Structures are given as structure tokens and as C-alpha cells.
Amino acid sequence: MPTETLTADSLTIGTHTLASRLIVGTGKYSTYEQMGESLAASGTDCITVAIRRERLIDAEGNNLLDFIDTSRYTLLPNTAGCFNADDAVRVAKLGREILLGIENPGADWVKLECLADTRTLLPDPVATIDATERLVADGFQVLVYTSDDPIVARRLKEAGAASVMPAGSPIGSGQGVLNPNNIRICLEYLKEGDPDYPVIVDAGVGGASDVAAAMELGVDGVLLNTAVAHAADPVLMAEAMQHGIKAGRKSYLAGRIPKKLYATASSPEEGAITARPR
Amino acid sequence: MPTETLTADSLTIGTHTLASRLIVGTGKYSTYEQMGESLAASGTDCITVAIRRERLIDAEGNNLLDFIDTSRYTLLPNTAGCFNADDAVRVAKLGREILLGIENPGADWVKLECLADTRTLLPDPVATIDATERLVADGFQVLVYTSDDPIVARRLKEAGAASVMPAGSPIGSGQGVLNPNNIRICLEYLKEGDPDYPVIVDAGVGGASDVAAAMELGVDGVLLNTAVAHAADPVLMAEAMQHGIKAGRKSYLAGRIPKKLYATASSPEEGAITARPR
Amino acid sequence: MPTETLTADSLTIGTHTLASRLIVGTGKYSTYEQMGESLAASGTDCITVAIRRERLIDAEGNNLLDFIDTSRYTLLPNTAGCFNADDAVRVAKLGREILLGIENPGADWVKLECLADTRTLLPDPVATIDATERLVADGFQVLVYTSDDPIVARRLKEAGAASVMPAGSPIGSGQGVLNPNNIRICLEYLKEGDPDYPVIVDAGVGGASDVAAAMELGVDGVLLNTAVAHAADPVLMAEAMQHGIKAGRKSYLAGRIPKKLYATASSPEEGAITARPR
Amino acid sequence: MPTETLTADSLTIGTHTLASRLIVGTGKYSTYEQMGESLAASGTDCITVAIRRERLIDAEGNNLLDFIDTSRYTLLPNTAGCFNADDAVRVAKLGREILLGIENPGADWVKLECLADTRTLLPDPVATIDATERLVADGFQVLVYTSDDPIVARRLKEAGAASVMPAGSPIGSGQGVLNPNNIRICLEYLKEGDPDYPVIVDAGVGGASDVAAAMELGVDGVLLNTAVAHAADPVLMAEAMQHGIKAGRKSYLAGRIPKKLYATASSPEEGAITARPR
């Protein structure tokens, strides 16, 4: 591969700066070894870890954190499995204590998930806003998982979130960004007068083209888990995702050609049949 | 970047084997320097060159071939600008002579374009079949540009084409693969009992996500030109495309998760509201 | 036209029963005459009227209600132009008084719009939930405009809404239903154990095919305004919408054929190339 | 329903003028009674009948034509089941003889199907062009089924076809118009300087919204069969299709509002985040 022109295109979220724009989850892998290889293959330098005890410690009593090279990855604790604001706040604080205990720099931030339903794993907007306000007041840098509703996204930024992370589609659904229009309005709201505010698509991607397409919308990063962990070959899919995030970021920055009916049509409108007979 | 697991995933077309699955055109760049940098940044080892004199020699009398490092790239001569079978066959033979004259290994193959219309640059199916038969009879390895019509694609393989290259959308339109259904049927026909037969999406891609999405359908490569040459930053877009082709190829091989309404729906059908009241 | 088999497919919302599943707005027409003709052509028997004084009374002092045949249409007062819960509740009560004053049966219900932003006219989920609870407590039958967020939709039903009305896309955007996946989850939530609960797509449709496609998802009705009022020929578009709503409703009830790669593929999956080489 | 403004919007194809823009096939119904009711419910006045003996005469020796009210419908004989030009020409002539024998006005036209493959039922472009030329030379008014390839469509018009009928998607696939871009280019070619030339989408529709969406592209009619015959309730689906064709036609003529990111965005471009950072 030739030397890349974009040598330092890091992503800054609050006080953290990441070399990769891909954040990867640590759940749902068959083995810790598979997880470790997949994380390495993804090129990420930030991984998110569920804090709830039943997710952190497995049936054999193994602690997930013992299988992660914390010199290599910034840990982003998350509140997966929390279904109300109180629970999410409590778990976030527990995560902070755990990470402080091991002197991990990830102690000062949290990925907030405040879910409404075990069936769909969709976020609860009202509880999410509430929990964001409380965690911000408590000094956390909050990266908040939310739906693609632009008004809720704006409200979460106003509540002090360090990053708003709209879902492309439901967690684990593999459908990619179902509503680019909403992501565009989210970007318009969140980056108005604040172009560096980080917006991350969290959840829903299936293949690497979904990651690239999300990045081409102008978001700053993508967070994923199932798409890699449940792929037929997770390590190979992790490599795919590494390329997908770079493909989409560079494609966005490089400025793509406009879409036309055909090349010599000077605009899609010109090329199209008029909507109404003359 | 970690060592990649897929170290040798080369693409074989007839007697040629390519390290990269991306083939890049040499037209429409602002300068030869920009062309050279873009080709290098794309990671390709196969570039396609128009043979018609007015395309090979510019207004100042410069010959395009003088600006290409032929030790680095396999040349794939093409018949761009030909609007009937006679013309395409004549230009293909001219290309062979020119490349034989410089002892270039690209002399034995050709990218056949036999167009029907200067406005849309859509291919002429009947003339394309005719020219393919004649060029195959004359010993060429023919890589043939065609529409996404699966029957025409099958006919071209029967005519002896070394690779069938359906368009994702019209040349230069930047719309990506508009009809994945047709590409899937093309793959079903062309790879039936012959899984290694090379199928390449030629034309129509705009951003790197389009390249990744095309590869995720299971095609063997992508050929593009305008998407890089006319991007706001061609060299950066070329890098994006290099990642896009790897992202899509690996994502295809890695086996993506199925699409569902939400993760715990055991199938999209189960999750969906029934189409009819009980 | 032959006698239709579906002679009585009325829509019941709270205590109101409507013959047509299309609800039409009264704003944005060039003239009152054009409005009247369009409403008649749409086949609707329920029209929604903005209550805020500046919308009800025009610059010449004309009252919109004087131009509506209230023997023909059930009036559905709405709180368009309200940007917080207090304002929406106040305007809803004002509407009730006005309609009680003219002894109109529409006095007991309201279409609640509680918007967040004058630019996008997107609804404010938190204020909308608040206003719904207050209006329900005050005895209103509340038909509530909301985003397509399924969790907010479920919360609004729990708050006592007589109908939840998710937007297909932003008001006046003409994009139809951008995220059918979300509408499907809304239907799953809202009709669980309660199949007759009325769900209406409110806002976003552009052409009659958008209305038909929305109804084919299984929603119970469509509410629109701009798509007719701002069409080049509003009266003709109103006719189109009448057919669109019937087309989509009947198509949904009639049970469409499954989508396949081609007809003899026994499933889309069977016909598709496998996602991964054998 | 109010009196419709568009009282006479007939469709003229060659010497035939049809009141309905929907043409319906007669195959695949469970019973002749179901077929008869469905045809009536569809509002069509033109039905297409397969001429090959095994399709015309059933196992009990019943002749399909005995079950059709030929005073009500114009018959359009078709060459379904023909897989080469010779066969198609022979069957077309047989159809002419049969219809002449019963003095049916449908004797002078034919729907040409010249298929390439029993599995996908996709048309063979080369044989279709050949058969069109031969049938036109023999005095037929040819309505020709073809793929959505715009160049083939143009060639068929040049060959003298009375109507070109591109497929929306494969026969019986229920996917609607998969590539509106190609249909738009077909319309541009076929109606250039000849706005009344009839273009009909033949094959692929599933629900009534597909019919409406096809008509909104500006085509002149839709021909379908499986979508009605194989619906769970064919008669109800036929009604849906009658509304779908009117919805789409009127919506096209009425001039829909433009699509925008949100209503106050003066154009989709303005509302969208720029593709490249400033």
C-alpha cells in the first residue's frame, strides 16, 4: 500500500483522542481468543466493555478485563443491560470505580445505554436524557446511544453529552443506516456552529459497506459489535470493517461525484422526465 | 495495520493474475501527474487505456503511455469511443499492435466497449455480442462491458468472453449498483458450475461504499474511472477506493449477519407484521 | 367501476368512525375554493383545522370555518404552530370551545402537534408525551403526531392517546415513509393484543404511491396536507390520493405475493448467491 | 366518489384505444370463475391471453376463450411460453387465425414474449428484436415485452413496435420497478419527439403501490398477472390494482411536490450536509 495522504485523521471525543474512527464492542464472541484476534484485526484503539457483573464475569468466573490488552486499547465502559436511568447511572459509577481501581484512563467516560425493551433493545429517549443530565452533572464524559430522532439528538447534546451516537438501525439487526435523511438532520443540528462535535453511528451495521456508507454521510465514527462477533468469520469481518471505516472516511473527505441519470445529464433533474406533461 | 489474514486473494482473468481486485481507468484526469498519483494511491496493478488515437495522444502530442509505469501496471487496452462492432474490432487490433510494439503483456487481452449512444454511453447488446465473437475468434481474451441484463451477460460468456463486466449504472453517473437483483442473477448464470469465472462491475460507482457494496454481492472485482478522476480530491478518493474494494471483498468472504427487523426476531418475516389480518 | 367487495371498511378512532381512511389538512391552499374542491376530490370525511388564531382567521378577516361544509366533514382541530406543551394544551382547549360553540362533534378530540423547531417542524418527544397526558386527563381523545421512534410511540399509547400518528418523513418533505422498519416495529408494539388500535402515518407523503406504500405496511390511515395543497394541480392530486389510500388498503388486505429474485426461486434466499463461498 | 376531473384519459396503442391503463393477464388463477371476477374487479378493458395450445385448452378440454366476455374486453393474444423467434412468430400467427376465426378485433395485435430461460423467464433481447421485425413486416401491431435495457427498448421501437413494454423486475418476482433510472432513460429515448408513444411496464409488480409508483415515473400503463392471480385474495387485489393505476396516473399528471430533507430546505442540496468539509 502506498503511503497514505491522510496520516493523522484522529477522532477527538472530550479529552480522548483516538487513532481509529471505529469503536468495537467486546460481547457475543465465541471465545476470548476470537475476541482478541478480532479486536486486533479491526484496527481499533478503543473498545467498549459492558460493566454489569453478569456481562463482565463469565460462568467460569473469568473477568473479561483479564483478556484485554489495556495498553493497546482505551476502554469505554458501557451500561448495556440497563433499562432505566437509575440503573444506568449506578452501573456507570460502578464502571468508573472498576477502571479507577486498575488506573485505566477510561474511568472518566461512559457509553450510556438506557434501553426500553429487551425484545428490540431500542433506547428509551426520556430516560436517556435524564441519565445523561445526571452523569454529566457527576463529571462523566457521556457518549450517548440514542435513536436517529434529530430532536432527541439535539436535546442530548444540550444536556452535555460529549458525543451523540444515533443508531443506524436496531442493535444486531444488520440493516445499516435505514434513514440517511435523519442522520443528515442530526448532523445539521449537532454540528451547527460546532463542526468538530463528534457524531457516531452506533448499532445496526451488517457489512463493511454499511460502515462506509455511514461514514460517507459525514459522521465521525462508527461503533459496532454484532456485525463482527456474529459474522461467519469474525476476524476476517473485523479486517473488512477496518477497511470500511477508512473507505467511508476518505470517500467523504475526497468529495464524491454527483449522482446523475447518466454522465452527460448536467443534473439529475435535467436528465429526468418532467414530472408533468407540458 | 495488523498482518492481514487474506494474504493472497488474487484475481485471475484468463492468463492474467492481478493482486488487486480494482481496475482503474486513465481518462479524465486534470494532469498526468494527478493520474499517476491517483493510480498509485488506488493500489491497483491493472489500468485500462483507451486506444483510439484522439484519446491516446493529447493536443500537445503527448502519448499517454509515456506517463505510465508499465513495470508496475498491467495494461488493459480498451475500445472506448467505439460505436459499432467493426470499429471496436479495428481498435482492439490496433491496441494489440501498439502493445506488441512495446512488448507489453497487455497485448493479448482487451476491454471491449461497443456503445450505442454518445449521450448515455450505454452499451449496444447486439453489436457487443458480435464484436465479442469476432475478437474471441481472433485470439483475444475479451473482458466485455455490458448492461446488467443477465441474458446478455450469459450470451457473452457463451461467446467466449474471459470476463463479463456488467454496469452498476451508466458510465459516470455515480449511482453505484442500481439493481442488485440483476447482478445476483448475472452471478447465478455466470458462475453456475464455474465458480471462478470472473465477473466485474464496470461503471457507475460514485463513492467507496458503492465499491464495497458491489463486492459484497459476490462479484470478483470493480472497474472504475470517473469516480476517482472527477472527485474533488482524486488521490484521496483513490485511497478510499483501495479500502472500499478490500472492505467489500473481505466482508463478502467473512459472511455477514442476516438482516432482521430487530436482533431477537428470528427472521425478518417473523418480526414483520403479517401482510394480512388473521 | 364494479361494485366493490369491501363495502364497509371504516376507520374507528375513539368514538369517531370515518368512512375514508384519508385525513386531509386545510392549510397552504391558494384559495378557499381550491381547498374546498380538493377536499371534496380527496373523498375524505375528516379534515383537520389549525386552531391558532393566525391560522384560523386570514388577513382579510375571513374565518376558515366559514368555508367548510361541516355537515360533510368531521372536523379534527389541531395544535399546529405550538412549540411547547403549555401552548399545545391551551390551543387544544381553545379549539374545544370554538367547536362546542358551533355544536360541532369534533369538539371532543384533537390532533396534538407539539413541535421542537420551526425549521424542520419535527415533533418534541418529551413535550408531546407531557401534553398527551394532560389532554387525556382533561377528557380529550388525543390523536398524536410523533416521530417514527417506536418507543415514543408506545409511550404515547400508554399515556392514553386514541391514536398514535408517526411521521413517514418530515412535514412537507415529500419523501414518503423513509423507514418502513420503524413503522413495522411501531405496529408490532401498538397492535400487540390490540389489533384494532388505530395507527396513522401523519406527514411526509409526496405522491399517491407513497400513500399506497404506507397503507401496505398495515397502518390504518394516512393524514396529509402539503402533498395535495402544493401539488401543481391540487384537485387532481386529491383524486390521486383517494385512489392511493384505497389501493394501499385493499392491497394490504388482499395479501401480496412474496418478493423473490425471480418467480421460480422458492425463496429470495434460495435464488440469491450465497453470502459466502462454499 | 366525486365526479372525476379526468373523465377521458384513454390509452391509445396503435389502432386500439383502451379506457383503462391496466392490462391484466388470464393465467394462474385457481378457477375460471375467480379469473372472471378478478378481471371485472380490476376495471381493465384489455386482457392478454396465451395462445400456445397447452395454455389455451386445459386438461378437461375447456377453452379459456369460452370463459371470457369478449364484448367487454379487447383480447391481446400473447406468445408466452415461446423460447425463440421462430416459435414466437408461429404462435403469433396462430393467435391471429384463432381471433380472426371468432371475428375478434384483437386479431391485429400481439404481445410478443420471446424468452431465454424457463427458470427466470427473462426475455432474449436478440431473438425479441428479430421476432419484432418479422411480425411488424407481417402486419402485426407488436407490443413487445423486454428487459429495462434502454438501448434494446430503443431498438425495438425502431423495429416498428407499437409499444415497448420493459419489465419492472422478473415475471412473478413481485419486486416492482427495481431500476427507476432505467425506466426514466427508456422514457427519454422512446418519447423523444414522440410524447404519445406508449410505454408500458410489463411484469414484476407485487402490490398496488408498485403499480402507482410505476405510473408516477410517467409510463402509460402497467401489465400484470401473477400479482393478482397469486394474491391471497385475487379479487380484492384486482380492486387494489384498479385504484393503484388511477392513483399513479393522476399523481403523475398532478405534479408532485419536490423531495426535500425537510420542508423549509429550499432544495435537497441546501438541506444536506455538504459532501466535503469547508
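We call the chains A, B, C and D, going by the order they appear; numbering starts again at 1 in every chain.
Heads up, the rule we're going with is that a residue touches a chain if its C-beta (ideal position, glycine included) is under 8 Å from a C-beta of that chain, and two chains touch if they have at least 3 such contacts.
Since the structure is predicted, the reported quantities are computational estimates derived from the model, not experimental observations.
Undergrad: Have a look at where chain A meets chain B and say same if over half of the interface residue numbers show up on both copies, different if under half do.
TA: Same: most residue numbers at the chain A-chain B interface appear in both copies.
Undergrad: Name the chain whose C-alpha centroid is farthest from the C-alpha centroid of chain A.
TA: Computed centres place D farthest from chain A.
Undergrad: Need the CA-centroid distance for the pair chain C / chain D, whole Å please.
TA: Measuring from centre to centre gives 33 Å for this pair.
Undergrad: Tell me, which residues of chain C touch at least two other chains?
TA: 120, 122, 170, 173, 175, 181, 185, 232, 252-256, 261-262, 275-276
Undergrad: Residues of chain C touching chain D in their complex?
TA: Those in contact with chain D are residues 1-2, 4-6, 40-41, 43, 118-122, 170-175, 206-209, 211-213, 215-216, 226-227, 230-237, 239-244, 246-264.
Undergrad: Would you tell me which residues of chain C are touching chain A in their complex?
TA: Checking each residue of chain C against chain A gives 116-117, 120, 122-126, 129, 147, 149-152, 154-155, 169-170, 173, 175, 178-179, 181-182, 185, 232, 275-276.
Undergrad: Considering only the defined contacts, which chain D positions touch chain A in the complex?
TA: 181, 184-185, 187-188, 191, 195, 217-218, 252-256, 261-262, 271-273, 275-278
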